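Once you scroll down, you'll see the structures, which are given as structure tokens.
In the two complexes below, chain A is the common chain; its partner is chain B in one and chain C in the other.
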Partner chain A sequence: MQEKLTTLAEAIALVDDGNVVALQNMATQAAPMALVRELIRQEKRELGLVVLVGGMAVDWLAAAGVINRLIGAAVSMEQFGLCQQYRKAVEAGRIRVEELSETLLNARLGAGARNLPFLPSRGAIGSDLIAQNPENLKMLDDPFGGFPVVACRALIPDVALIHAHRADRYGNIQYEPTVLWPDIGIMPKAAKCVIVTAEEIVDTEVMRRHPDRTILPGFMVDALVEVPFGAHPTSFFPNYGYDSRFHREWTDVSRDDEAVSAFLDRHVLTPSTQEEYLDAAGGVATLSRIEKWEKRG
Partner chain B sequence: MDKVLKIEQAAALVTDGSILALGGLSMNSSPMAFVRELIRQGKKNLTLVAIVNGMAVDWLVAADCVRRVISGLVSFEGMGLAPNFRHAVESGVVTLEEYSEYLLIARLRAAATNLPFIPTKAGLGTDVIGLHPETTRLETDPVTGEAYVACTPLPVDVAIVHAHAADVLGNVRVDPKLLWMDNEIVNAAAKTIVTVETIVPHSSFIAEPHRTTWPRFITDAVAEVPWGAYPTSCFPKYGHDKAFFSAYSKAARNPECFRTFWDSRLAGPDTHAAFLQANGGAATVNRIRRPTT
Partner chain C sequence: MTDWQNSPAAEDYTVDELMIAVLADQFRNGDQCCNGMASFIPVAAFMLARLTHAPDLVWLPSSGGLESRPDRIPASTLEAPLWRDSIMYIEQYSDFWNFVLNGRWIKKFCVGAAQLDQFGNANNSVIGDDYHAPRVRLPGTAGLADMGSIGKKLYYWNPNHSPRSMVEKVDFVSAAGYLNGGDARERLGLQGGPQLVVSNLAVMDFHPTSKRMQLRSTHPDVSIGQVTEATGFELQMPESAVPETRPPTQKQVRLIRETIDPDNMRKREFHRKS
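What follows is the complex of A and B.
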């Protein structure tokens, strides 16, 4: 079996400028934030981002000038507010948006995963999404004479970025207790290259005790990095909740470019390890707080 | 609210002429106790949807309950062909509508998602497509020029699956997680009947919500039948009974032997427990059970 374990720097070196990168994320939940920070640290440029529902990760990538296009259903931090840096970049035309519903995006990725030219959906019929996206959505007659469908063109990202609960060094990936979000199921299957961070690396023997928990076999994974609390400040059920305080600190500064730059400097560029990053975010006190699933930080 | 029925009551929900989809895969997790009850109730003219199956289809065919089988494969795998199914298809008593597993899955998914068709590359280059111009058709994508197979919905009247546990409300759990294509038939079916190894308190489902395989709004009836998949397996609790498969295949070579086997060891016993007793009882249970891990 091939060793997949590497460092954040080497893993993210697999991403080329201009790539289409699929990012696991559901607003305030389950984003591979250590990989996102490394994209910023390596000054990647002109990336296209594919995200079901993006949150702070998208805001950071927009603020740092890493992305110039986004394919997704929503970008927001839910109760913490809109992603202001992303919003500003879209309004200024620095980021081009292909807006899809979640179902349409899953259909596009699903077609990519199955090597099909398209998958059909009825999800958008009656909406303006189809007319706005003639490149990738097309009405198609049913060959059997039934009602027409929306053909959703295959989307094959260059890279998928995923965070998981545990892995062995050969890149077998497990989720605990089970996959909750649809993007984890489809993004790695559609993408050409899969980069995973895991809360812990364990012996293969430990993985074998619960083979039903394995969501990706090693042969599907290109690079793997051990990153405890790797989804912070988003939540990672059941290990820890999202960091409310950190989200509010970000939304407090996110309209002000100078303050944003200082924030990214302190939390993204300066920390050279995951531990330094976590300490800058409040250290042990923060970790204890999010492990208790605090409702109000 | 209470979905629990006796297996006799649950089987009575199946009407003659229905399209029934059978859960499990091959030698695994077939709803055998339920199938035996269908036979005892003398159902007629059923159409069976069985992605991959063996013993359940063979029993129903032997009992003359079936007119049509829609399937990817019916066999006993390493233990040979399904003898009654083979004979009935060869003699024209049963019509076989053959697909690959994936074409069937695509048809069931089209039914489940209420789409007129689902495309797949499975089946390209084979003669299976040409067999069913009404349901699977070769198409060309107008944008890329790529060929694909369009698969029409396969509507199912009743899905019958066997699982590990349920509560009285009809929430169902497969341990440790679903291994077979049962989701495909359950999602495509108008009704779902589940047999389970055990009925557990509702609180057990609340305690571990991620382990719920089917929420109660999907299930129409639940019947408790310990060892209900016997003689097929119910991983991880028990394996399939090789001895039963051998004895069955051996008996099927001679009509008289088969009649005796059928009456004494298969259709005769009036309950599933009596059926197990007629096939070795405790010794059989101890032979097939798997150690707790």
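What follows is the complex of A and C.
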């Protein structure tokens, strides 16, 4: 088996300016935030972002000028509100949004994964999403005589960014049972290149004890990096919850460009390792707080 | 009659509690329900229905767990601990849609929208005329656009009934309602559609043929004039007199306050300035 273990810097060097990058994320859940920070540190430009429901990662990428288009179903930090930097960039025309419903995005990625020109959906018919997006969505008569469906053109991201619970050095990826596997069922299978961070790297023998937990085989994975708490400040069930304090610190500054710049400097540009990043976010006190999430309410 | 039905009408209640009781009444044993982001009112309605008239209402919290047992409504309706003690984790998001797109299950969906128009079309996408440089970029449609066109019955809740949220025509149709009214929906092969709009002032439904939104009941102490003034289009009036919305019972209010939502999460979406 081929070794896939590398560094954040080398992994993100696989991303070229202009690429379409698919990001695992669901509002405040499961974003590969260490990879997102590395995109900003390497000053990637003109990326297109594919995301089911984006959260703080989208706000940071918008603030840092990394993305100029977004393909997705929603962007929100749920209880922490709208992503203000993203919102401002869209309202100013700096980020072009291709809004898709959940089934339309799933169909586009499904077609990409299966090497089909398109897949149909019944979702979103009658909405303006279809007329707004003639390049990728077209009404299509049912060849078997039923009502029309929406043809959703294949979407093949250049790169998919994923965070997982566990991996071996050969890129076999394991995930703990959880309610939400935001977008990782189909997204990495549609992408040309898959970059994964994992909470821990373990011996392959450990993986063999639970093959049912392996969600991606090593041959699919191009680069792998060990990053404990790699989804912070988003949650990563069952390991840790979202960091409410950190989200509030961000939303407190996110309408003010100077304060945003200082925030990104402190939390994204200055820390050179994951340890330094976690220290800047409150260190051990923060980590033990977010690990207690199941005990809350 | 069970004790919650025998319980007298509450005198001490707030409008969020009334809205929860009205929405709870739409869900019955044998239904399946699911919820999305920041859906405190729908979640409270499901929990109330399960504690009263519909103990066998199936609930998929966060659209991903099954029959979980949260001890109260947490700060997120999309995350643990809402899915505490689920019987099953449903893979998001492909497998969840396999359950929903199949017409057999989850036939009702309870949801909010930034704008609703006279035909029940919903907007959660953009405010303003220019889609690519909008005045306000809203979160986006998420799964609502799908729910709007796959035969589901939609129950909208609106905590801030105003001419800004109840508009003649939405700036962008994120999810189909009755489109231009009449049989426009059927002509596209779409079944289901919006059934009810429960706001902080009134309950509305849709005229059977014109599909225009019409007043069904006004909440206690709210006049018809207050509702029409807060509505950005000509709200249709029913042929008979407009009744008062039935207030929640004392037992329902006690369940909401003490068991379902002691942390008052349900208040969060009310009176928000946008």
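Rule of thumb we're sticking to: the second predicted complex is superposed on the first by the 290 of 297 C-alpha atoms of A that agree within 3 Å, B and C clash if a C-alpha of one lies under 4 Å from a C-alpha of the other, contacts with A are read in each partner's own complex, and residues count from 1 in each chain.
The criterion applied here is as follows: contacts are C-beta pairs under 8 Å (C-beta built on N, C-alpha and C of every residue); 3 or more make two chains touch, one makes a residue touch a chain.
Fair warning: this is a prediction, and the values are worked out from it, not measured in the lab.
Once chain A of one complex is fitted onto chain A of the other, the partner contacts of A:138 are limited to chain B, with no touch recorded for chain C.
Comparing chain B with chain C, more residues of chain A are touched by C. Once the two complexes are overlaid on the shared chain, A:119 sits against chain B while remaining clear of chain C. In the overlay built on the shared chain, the residue A:153 is in contact with chain B alone; chain C does not reach it. Of the two partner chains, both chain B and chain C are touched by A:177. By the touch criterion stated above, A:210 is placed in contact with chain B alone, chain C being left untouched. By the touch criterion defined above, A:242 reaches chain C but does not reach chain B. Residues 121-122, 146-147, 177-178, 180 of chain A are contacted both by chain B in one complex and by chain C in the other. Every residue of chain B that touches chain A in the complex is listed here, in rising order: 114-121, 137, 139, 141-144, 146, 148, 150, 152, 176-177, 208, 210-211, 293. Per the touch definition, chain C reaches chain A in the complex via residues 37-38, 62, 64-65, 71-81, 83-84, 86, 89-95, 97, 101, 124-125, 131-146, 148-150, 172-176, 179, 185, 188-190, 263, 268.
On the side of chain A, the complex with chain B involves touching residues 114-122, 138, 140, 142-144, 146-147, 149, 151, 153, 177-178, 180, 209-210, 212.
Of all residues in chain A, those touching chain C in their complex are 26-29, 52-53, 72-76, 78-79, 82, 86-87, 90-93, 96-97, 99, 101-104, 106, 110, 121-129, 132, 146-148, 177-183, 185-186, 235, 237-238, 241-242, 244, 293-294, 296-297.
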